[in-house]
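Structures are listed in the sections that come next.
In the two complexes below, chain A is the common chain; its partner is chain B in one and chain C in the other.
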Partner chain A sequence: MGGIGIDRSRLLLLIVFLGAALGGYAFIDLQILAAGNLTSMAVFAVEVGILALGQTFVICGGDGGVDLSVGAIAALSQVLLGLVLKDRLAWELGVLAALCAGAVMGLANGLAYAVLRIPSIIVTLATMFAFYGLALVFTGGINIDLTASPPAFLAIGQGSVIGLPFQVLLIYLPVFLACAYLQLFTAFGRGLYLTGTNDLAARLAGIGVNRIRCLTFVIAGVLAALAGVVSAARLGTARPDASETGNLLSIAIVVLGGADIFGGDGSVVGSVLATMVIAVVDYGLSYNNFNPIYQAGVIGVILITSVMAQNLVRFRARQRS
Partner chain B sequence: MMSGARGRSRQASKPIPGQAALGRFIASREGVLLVTLLVLGVAIDLGSHGALWYRANVTSFLVDFAITAIPATGMTIVILTGGIDVSTGSMLGLIAALGGKLLAAGWGLAVAVPAFLLLGALFGLVNAVIIIEGAVPPIVATLGTLSIYRMLVFIVLGSAWLTDIPPILTRIFVTTRLGPLPVATLLALAVMAGFAIFLRFFRAGRHIYALGNNEEAARLAGLDVLRIKRASYVLIGIFTGLAALLNLGESPLVQTSTGSGFVLTVIAAVVLGGTELSGGRGTILGTLFGTLIVQLVQDGVVLLHIQPFWSGVLLGLIILVSVGLSHAWHRPAEAA
Partner chain C sequence: MSASISRRHALALAALSGAAALAPGSAEAKSWTIAFVPKLIGIPYFNAMKEGLEKGGKDFGATIIYQGPTTATVEGQAEFVQSLINKHVDAVGVAANSPTALEALAAKAAKAGIVFYSSDSQVDGPDVALRVQQTDPKQLSYAVIDQLAEQVGKSGEVAFVSGGPTATNLNTWIGYMKDHMAAEYPGLKLVSIQYAGEDISKATTVTSQLLSAYPHLKGIVGVNSTAVPGAAQAVLTAGLSGKVVVTGITDPNTIRPYVNGGTVKSVVLWNPIDLAYLTVWGVVQILEKKPFSPDNKVPNLGNVKYFPDSKTLLLGPPMVVTKANVSLNF
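== the complex of A and B ==
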């Protein structure tokens, strides 16, 4: 653990990945480094990046903790927001409703895990079905058109502030700073790290292990809802099947960011860097007119090779000592 | 280990043999599932005014059951060893695409059927090598291959649909019946029965439980832990190949999204059947009931003219309630 909660070899690996991806694309076409293209990358990164920040906390909590329902929470929150806007109520109310719904859904996950003691992968598998199902029920399976919403709402996903996209500067950046603060400077963050690395020791040290893990699901729920709000504002629609790949992509990002899927290690900073890598790879592929499905495949390759590289580094280190 | 201890204490306190066995079964996970299944069945039968038993519905139910049950048997074994495979849906799509091309090019079943199974074994082996030789956690490794296999489906198919699949698969697996059951369903039941017996009565089958309960102890007891794991991933690959074959029999069409979302249904069936994700505990009989319940919910939603969107909600609730109940049930025993 370095000063920012990420080990140095992983930091280096991510920066190398990032440089290689950007460099590679720039070699094909230097135009990709133009400001307009870089901001487009950032816009794509925001939504999945927010999902990944929530996922980081859940995975850090250990006990095989993983949240498969983040995409579904984003979709259902987005649909609730859409319903509020369709009824011509204040858009602020819609955003508030979406965020509260996200918190409630996260709490449902957390309680099912902590009180009923069902493994989180089963809980969130079940709630993923349930939340996507409810989103379909509420909309009848039809997208809600939001293009006629108040401009102030659409600005969340389409506006810009001092030349930068609104959601990058005024949503993602503050959320990232808040998450980093939460992880590095609060009792919750330290408790989470101990819980993830050794939950028996944490329990004996008087840490409310179940409460902490429950809280990680609530955080993941609220952040997923936020991602849903941003994507609804960006696209001008609320879709009951939004963020279908969000759960797997967010897990991939967290693991690429250096988290141990079994808990403990993992950092907000690592997840942010990994989000940037994924965003660059993805944007570059679509910029060069590859079908988006290649993005998924390339991310799969990156995911596997990064864990293997990590294993190799650890193996070498053990041999040396 | 724990389940063994609990089994013994129950045996020690049995009053009348026959009655006790019945009581034990009803109180067991499988018993709860059977009761759930019966209640669901009766409710759908009444609600649909008998439409449940129409021939077309029964056939599609039985074939859908087979397509889920065969990979679910493999998944049960993988999860028993303490692993998991989330790439099954993409793998099914990829095998269907490659095998479908073979069939569309005019190759006979004598070539195509082994090809489906071998492709499955190959992709399963790829997963196994990444997990074992690469030391990548199973969920991460198969999450990776999930997207890689899906990308390969796209590369194989382009954006076109593969529609010229010969009708022979439908003739063999769906319309041919032995007694009341389509061949696909018989195949699934045979696979399940075979592996239920294997897990219960064969030494190698017991080794799988030993490995799942305590890997370190299993290794120290001299089991070839890595070989068992590798075999389990290859096995689910072969079963996925078989399911891809049946899938083409049911709907002779392959598109780039074929099989997406399938793995979640399979895992839901296994988990509902009482197999624990931490490994070492679970039965094929449970998976059989779990698969039937999952399919019955999906079928029932259609028959009862409920908006199809409710099926996800219902499935989610059933998983939570059923797993939650069984955990509440077992907790006192585990605390002791």
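== the complex of A and C ==
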């Protein structure tokens, strides 16, 4: 189906979902389509959306690969960024430190998986606790106040460019394009697809399966750190307990985006659409004053429905042929 | 014919009242819309605040929107606050999960002409129009330690069980508790501070671990509303009722069975219903552009102090909950 790993019917389904959600909310209150509301949705989607882009690579790598630590990497990275900013060093240095830290944390995950042969779900469960723990140790449990940081830094999360939120236009969009290019047009992307679908075949074809999977964790780590930077700039605070929902929500988004949890199929395009669905549904529920207790449940229902709809379509297609 | 006239009449009335609601100057007929985003929804403490908000809304002419995240995260709060700003409510406030993380949104609200306030757990910065403080945090923390020392005695090992490790108010109280212990009761030794989130069963687990790790433990302070009953349950299960003192900051509803059963002698708190009621009163004063004086007569609450430097309304001194008054419903 489609290009490598891209499932067109899923993308179509997500677009229908998106239209239905927006249309439904607009039916209740047309104001939801106002620019202020749409940009708010986009702003809230960016951080978990970046986490989900990294998660996509890990899951597509196969062998049951998931990264449960992306939220924790975001938290620890933003704490390191906060410490640099607190010492009044250049903010660019802080951002660089955060991204490097993210890469190192991702590499630690990748090496533990590839060299020590520990299943990634165990590795990243352990590092999730470890990274959050370290973040608490570094801060003593206290949020780092970044509200007095240089305006150029805060603009990453609060500024706007030609009327659009800075982080949507100048961070999320370029990152998405880079990820799409990486997945669809490079040897790495093709190697990743083969690794995810059939790692024995990949190995026989001379692809460094472990190296590729290790690299997916590094990508997820760097992107998680980037999400941490954006979140710190948006809230003007570095928090050791940041992005706690991101660990699992990013996985839900990738699966909703059409990725096979066992590897291979899946695309960053699907993940982006799924991020938009989740963001719209989530924001619309709070905007329309729905009981928040149901929000988590609604996301679960969407996930199950989309998978079931997909199975139904596949089943029909198989019957016909 | 007459039906169509009265229908047209009704439409005209509706249009008029719609215009009245839109016109900014017509304060008389206006009912304010005040939104409040608690740290999280679905726990007794914030349910009590909701009750107080609605009571205040009825008495002072405001419609209350009560919305919040299901886990105590500031990201969740930020989402709700932003959507409420986009909805153009008259005032939006929080019990903040972080003092600084909502400053940018407070500025956004102020820019949109929306009153931003905090109650229970405060937000920093110049754009916060009002802070409503339950009691002086120092007085409250000192009162808890006084209760602890009264029951434990002059010396012994004690431990704290708190909520989220980053919660502003909880960490402030812990700081004052430590100060007061060091200054007034040097014989009391703080051996551990544990964090159990806003979760009773986790507080039970954490306390059980403390009891086995420190067999000589003589007292436990629960710093938030879920830690005290959790700790009491652990002490009860371990068969240490009466041997290990449990006290702290929590509400009567949560702790009642343990006070009646004798595991807990006293806890300290303010009344969250009153706190929320005062919050609505204060916000309405600001919306109606009535200034505060240092001492304010608030209906049903009596005299309430206002501190202009920090824009803070202070509910009053803490209340000690014992077997005598544990039947209070909140």
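Brief remarks on what is shown
Quick note on the criterion: the second predicted complex is superposed on the first by the 313 of 321 C-alpha atoms of A that agree within 3 Å, B and C clash if a C-alpha of one lies under 4 Å from a C-alpha of the other, contacts with A are read in each partner's own complex, and residues count from 1 in each chain.
Going forward, a contact is a pair of C-beta atoms (placed from the backbone, for glycine too) under 8 Å apart; a residue touches a chain by one contact, two chains touch by 3 or more.
Given the structure is predicted, the values throughout are model-derived calculations rather than measurements.
After superposition on chain A, the partners chain B and chain C are seen to clash.
Applying the stated contact rule after C-alpha superposition, one finds that A:Gln158 touches chain C and leaves chain B untouched. Contacts of A:Ala296 after superposition: both chain B and chain C are touched.
Contacts of A:Thr237 after superposition on the shared chain: chain C is touched, whereas chain B is not. In the superposition on chain A, contact of A:Thr127 is made with chain B only, not with chain C.
In the superposition on chain A, A:Gly36 makes contact with chain C only, while chain B stays out of contact range. Contacts of A:Phe44 after superposition on the shared chain: chain C is touched, whereas chain B is not. Contacts of A:Tyr283 after superposition on the shared chain: chain C is touched, whereas chain B is not. Contact with chain C, but none with chain B, is seen for A:Asn143 once the two complexes are overlaid on the shared chain. The superposed model built on chain A shows that, among 37-45, 145-153 or 163-171, the segment of chain C colliding with chain B is 37-45. Residues common to the contacts of chain A with chain B and with chain C across the two structures: 136, 141, 293, 296.
The touching residues of chain C, counted against chain A in their complex, run 41-42, 65, 67-71, 73-76, 78-80, 82-83, 86-87, 98-104, 124-125, 164-166, 168, 171, 195. On chain A, the positions that touch chain C within their shared complex are 31, 34, 36-37, 40, 43-44, 136, 139, 141-143, 145-147, 154, 158, 231, 234-237, 239-245, 282-283, 286-287, 289, 292-293, 295-296. Listed in rising order, the residues of chain A touching chain B in the complex are 64, 66, 112, 116-119, 121-123, 125-134, 136-137, 140-141, 248, 251-252, 255, 261-262, 291, 293-294, 296-301, 303-304, 307-308, 311. Against chain A, in their complex, chain B makes its touches with residues 130, 134-137, 139-141, 143-148, 150-152, 154, 159, 256, 264, 267-268, 271, 276-278, 307, 309-317, 319-320, 323-324, 327-328, 331.
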